[in-house]
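First chain written, first letter: the chains are A, B and C, and each begins at residue 1.
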Amino acid sequence: MRKNRDEGRGAGGEGEGMGHDSQGSKGEEKLRAQHARVARPSSLAPRPSSLIGIAVLLALAIALPFMVSNYRVFQFNMVLVYAIVLLGLNILTGFNGQISLGHGAFYAIGAYVAAILMDHFGWPYWATLPVAGAVCFVFGFLFGLPALRLRGHYLALATFALAVAMPQLLKYKHVEQWTGGVQGIVIMKPDAPFGWKLTPDQWLYLFTLAVLVIMFALGWNLLRGRVGRAITAIRDHPMAAEAMGVNIALYKTTTFGVSALYTGVAGALGAIVVQFVAPDSFTSGLSINFLIGIVIGGVASISGAFYGALFIQFVPNFADEISKAAPWAIYGVFLLAFVYVMPTGVAGFVRLAWKRMRGGGKVKAELQRASH
Amino acid sequence: MEAFLHQVFSGLATGGIYASLALALVMIYQSTNHINFAQGEMAMFSTYLAWTMIDAGMAYWWAFVLTVAISFVVGVVIERVIIRPVENAPVLSVITVFVALLVIFNSVAGWIYTYTIKTFPSPFPERSLFGNSYISSHELGSIGVTLTVLVVLYLFFRFTPLGLAMRAAAQNATSSRLSGIRVGWMLALGWGLAAAVGAVAGMLIAPVVYLDPNMMSGVLLYAFAAALVGGIDSPLGAVLGGFLVGVLENLVGAYVVGTELKLTVALVLIIGVLVFRPTGLFGKVFITRV
Amino acid sequence: MRNQILLVAGLMVAVLCGTDALAQKKYGPGASDTEIKLGQTMPYSGPASAYGAIGKAEVAYFQMINDEGGINGRKINLISLDDAYSPPRAVEQVRKLVEEDQVLALFQNLGTPTNSAVHKYVNAKKVPHLFLATGATKWGDPENFPWTIGFQPAYQTEGQIYAKYILKNKPTAKIAVLYQNDDYGKDYLKGLKDGLGDKVSMIVAEASYEVTDPTVDSQIVTLKASGADTMFTIATPKFAAQSIRKVADIGWKPLHFVNNVASSVGAVLTPAGLDKSIGLITALYLKDPLDPKWDKDPGMMRWHAFMKKYMPEANVTDFNYVYGFGAAQLMTIVLKACGDDLSRENVMKQATNLKDVVLDVALPGVKYSSSPNDYFMVKQLQLARFDGKRWALFGDVLTK
């Protein structure tokens, strides 16, 4: 079951067009090796059965707010928001291979753009989303430029630094008149339009769901096409990709921008749902949570965003109910259990389980391959 | 001028704090190629162990030695039990395991010892050396201990067979295995050593920042930056990086942008350095053609 | 027992008939003949987790009340949840308390950002948001937020009291300020500046720190270099201890003020060094558990008995336990005053009509009063100077 360390490395190295002699790149090789296993572009191709599955899930998602209490609707609304973030982060980290420990910062920017537009300029909530996305795209793209020169742990540091610096920047005295400084900004919760008989929670949930469907459809389209192949090629074989004529610098920075765009839109939605933004809402822990979300959900997997979002929303509460004394210790144990039991994330686990249910000898082989 | 010197010395003193933890980070990186996010929390927990022993009446140095020894064993056990299953897992899974360790140590420490700050004794005299007001005896002593650890590690890796075997295992596992080195145990030893170095760091840091479960949350980022700016596989670089970060941060805060943004600006400077002067750690040529 | 059942039956009939005949027994959500449910969020994890001790003391206090038979025969059930000092998490937990657990009232939610996040929500839901564990000024706004009321003296009030003292006793002072870069630090600073009025230029240097900073040494060095002879530290316990120690270590001997939140002998001055703390000045409104003056004080004796029985493991020099005890006692007094009308409206009415309530752990002369137009319950504080062992009170109880 457990392979030797050197063999694992060897597997990581295969398919590398060039030798790496520095230590820093070994981790990345491993990263790439796993990506190659988890996400072949073929798994993103539409199948009739999966289309039906998606339709059923969507129907369930629409029905959900009418079956549970408003408080639960609020929680599931946050799940949807996180799912959009995780898809964005996955595009960057999972598909493109650039680690980010700083997506909480883009989430914060999106949230503040929405809050400032609504509070200072009286914009309607829905109109703030495109602006939040655009602003974050620009920030992400710009941040992607220095990120081009950084890799592995250095990129992790740079992005983490962004996450740590963000709360301080938000309360800096020269932007205080816009951001509300340490006091933050309180926003009004929107009511349902057209006189629909929905509670604000239900309406906001459905609104978020609609945005999510659009974002996921766009993301799925992006990733399965030519662009998606280029993005993953840069992750797996940068040299080969360049030889094929892929403009690596442009692709990487744009991917950074797109990833930030997703996160920014989610941040705006999150701000509207929570009705409040403050520097304390966007600590570096948030960014780490997002990264955990994609690992638990499944790296380089679109459906993984949902599993990851469910995890980061509900498992802390669950842990809190098990042990009042040390809830985060329980949370940590859950994290370990998930990583051990589902090394390819929940999405990978579900995929394998599904294949196994359908039986067949070739599945066995695949299972073995994936358990390495 | 006096104020400037004060800033520099206080920067060196805090830099010494970053350096000691950065050393532990480098230690584990050298033997496993991972940056252990839980290193700070492990060090914090070790310090609580020492505190428990001292509180029970044990002499400082006995507690010190025992804590380092226990931390070493715990480090080995953690590698064998918790890290081993993800030895070949992708880097993101390993990071997740580190985060899990971090929250577990933090939460358990808070549960056992509560979050109220505790004083941790310093082995160095209360009075500062030569009556100077720039740097306290403890800060000076800490820097001395950190440098000693650095020299010991250097000698260990350079001149002992075990040290050589550990380096070999980290650099080329296959060849090492072929020449009879038990690679798995070398990794565990690396964890043990890192935990021991971390324990020393924790016991040096705690008298300055006070002992509480969150005492490392602020230090870790700086140690991380120090280790990277100095060169992640170079212990000497990590120590120098620590001093550099400490002094830089103080001067930026005092003379350039004020305290509100000092961390931000210090980080931007560090990343700037890394962008324009990659430390040659990457064997790979950058592809930046447009 | 039989009578009780009859009474309940009678009540139900009354309610069903829609009469107010038995109005003296009224229940809002979370209240019944046997139980009163309260909710709170506390930073049991995260950067402010040292304050989690307050929540623990309060849960233990109500345990004591329940062991003594409860309030008017009803047991108090305080549901205390972790918000990790994060506003979004506070929103989630407060919604859980209000919508799922159906608490009668929220009690002592801690932190300004966390309470700001739910401020509008609880007022829209008309849930009593009582005795918040934060001293921001915005909790005293009955016109716009009638359901929210604070507990401790406003930070700004306290800042003004220091300013008053400086203007009177050291009119030529050059003041340096170290403050935490958040609402807490800035509120104090504002109070100090307001108190100084047109003499605000007495402040010659300000330096802030972040809770993520490992130390504040650099800031102290900067402040000393400004040539100030008076220092004001506005910090949480850990950083206040660092500040006091560093000021002494670099041989700076200013007249040093520390704010009330950072005045705990056990959690601040002992770690900083008691000899280095001599001469510090702070403003107090609660009794110091270390002060032998209160050894025979009936209030503090009750506190000590409570600590011994219900929190035997806890560090008795930690001010947070005194604070939690005081807040929980005030809550008990309000609930007692409610009698059998445990509707949310009545709870709020009782909480905002307190008159000269004296708490076991409050200093003599410090009284809790509120009215529907004035939500600032305590305006009195007394200055104290540290003599190397304990805070020695001096002067009169001051109001701003």
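Worth a mention:
Quick note on the criterion: a contact is a pair of C-beta atoms (placed from the backbone, for glycine too) under 8 Å apart; a residue touches a chain by one contact, two chains touch by 3 or more.
Note that this is a predicted model, so its numbers are computed, not measured.
The greatest centre-to-centre distance from chain B, using averaged C-alpha positions, is reached by C. Of the two chain pairs shown, B-C and A-B, the one joined by more C-beta contacts is A-B.
Once the centre of each chain is set as its mean CA position, chain A and chain C turn out to be 39 Å apart. Computed centre separation for the pair chain B/chain C is 37 angstrom, with centres defined by C-alpha atoms.
Annotation: 30 Å between the Cα-based centres of chain A and chain B.
The set of chain A residues that touch two or more partner chains comprises 164, 168, 171, 327-328. Among all residues of chain C, those that touch two or more other chains are 45, 47, 181, 210, 212. Residues of chain B in contact with at least two other chains: 106-107, 110, 221, 260, 263. The residues of chain B lying in touch with chain C in their complex are 2-3, 6-7, 10-11, 13-14, 17, 106-107, 110, 114-119, 128, 133-134, 136, 208-210, 212-214, 217-219, 221-222, 249-250, 253-254, 258-260, 262-263. Across the complex, chain C is touched by residues 69-71, 74-75, 78, 164, 167-168, 171, 181-184, 186, 270, 274-281, 283, 285, 320, 327-328 of chain A.
Across the complex, chain A is touched by residues 29, 33-35, 82, 84-93, 95-97, 99-104, 106-108, 110-111, 170-171, 173-174, 177, 183-184, 187, 221, 224-225, 228, 232-233, 260-261, 263-264, 267-268, 270-272, 274-275, 278, 281-284, 286-290 of chain B.
Touching chain A in their complex are the following residues of chain C: 44-47, 81-82, 85-88, 91-92, 95-96, 99-100, 112-114, 116-117, 119-121, 181-183, 186, 210, 212. Of all the residues in chain C, the ones that touch chain B in their complex are 45, 47, 49-50, 52-53, 181, 207-215, 217-219, 221-222, 224-225, 237-238, 241-242, 249-251, 266-267, 270-271, 314-315, 318, 320.
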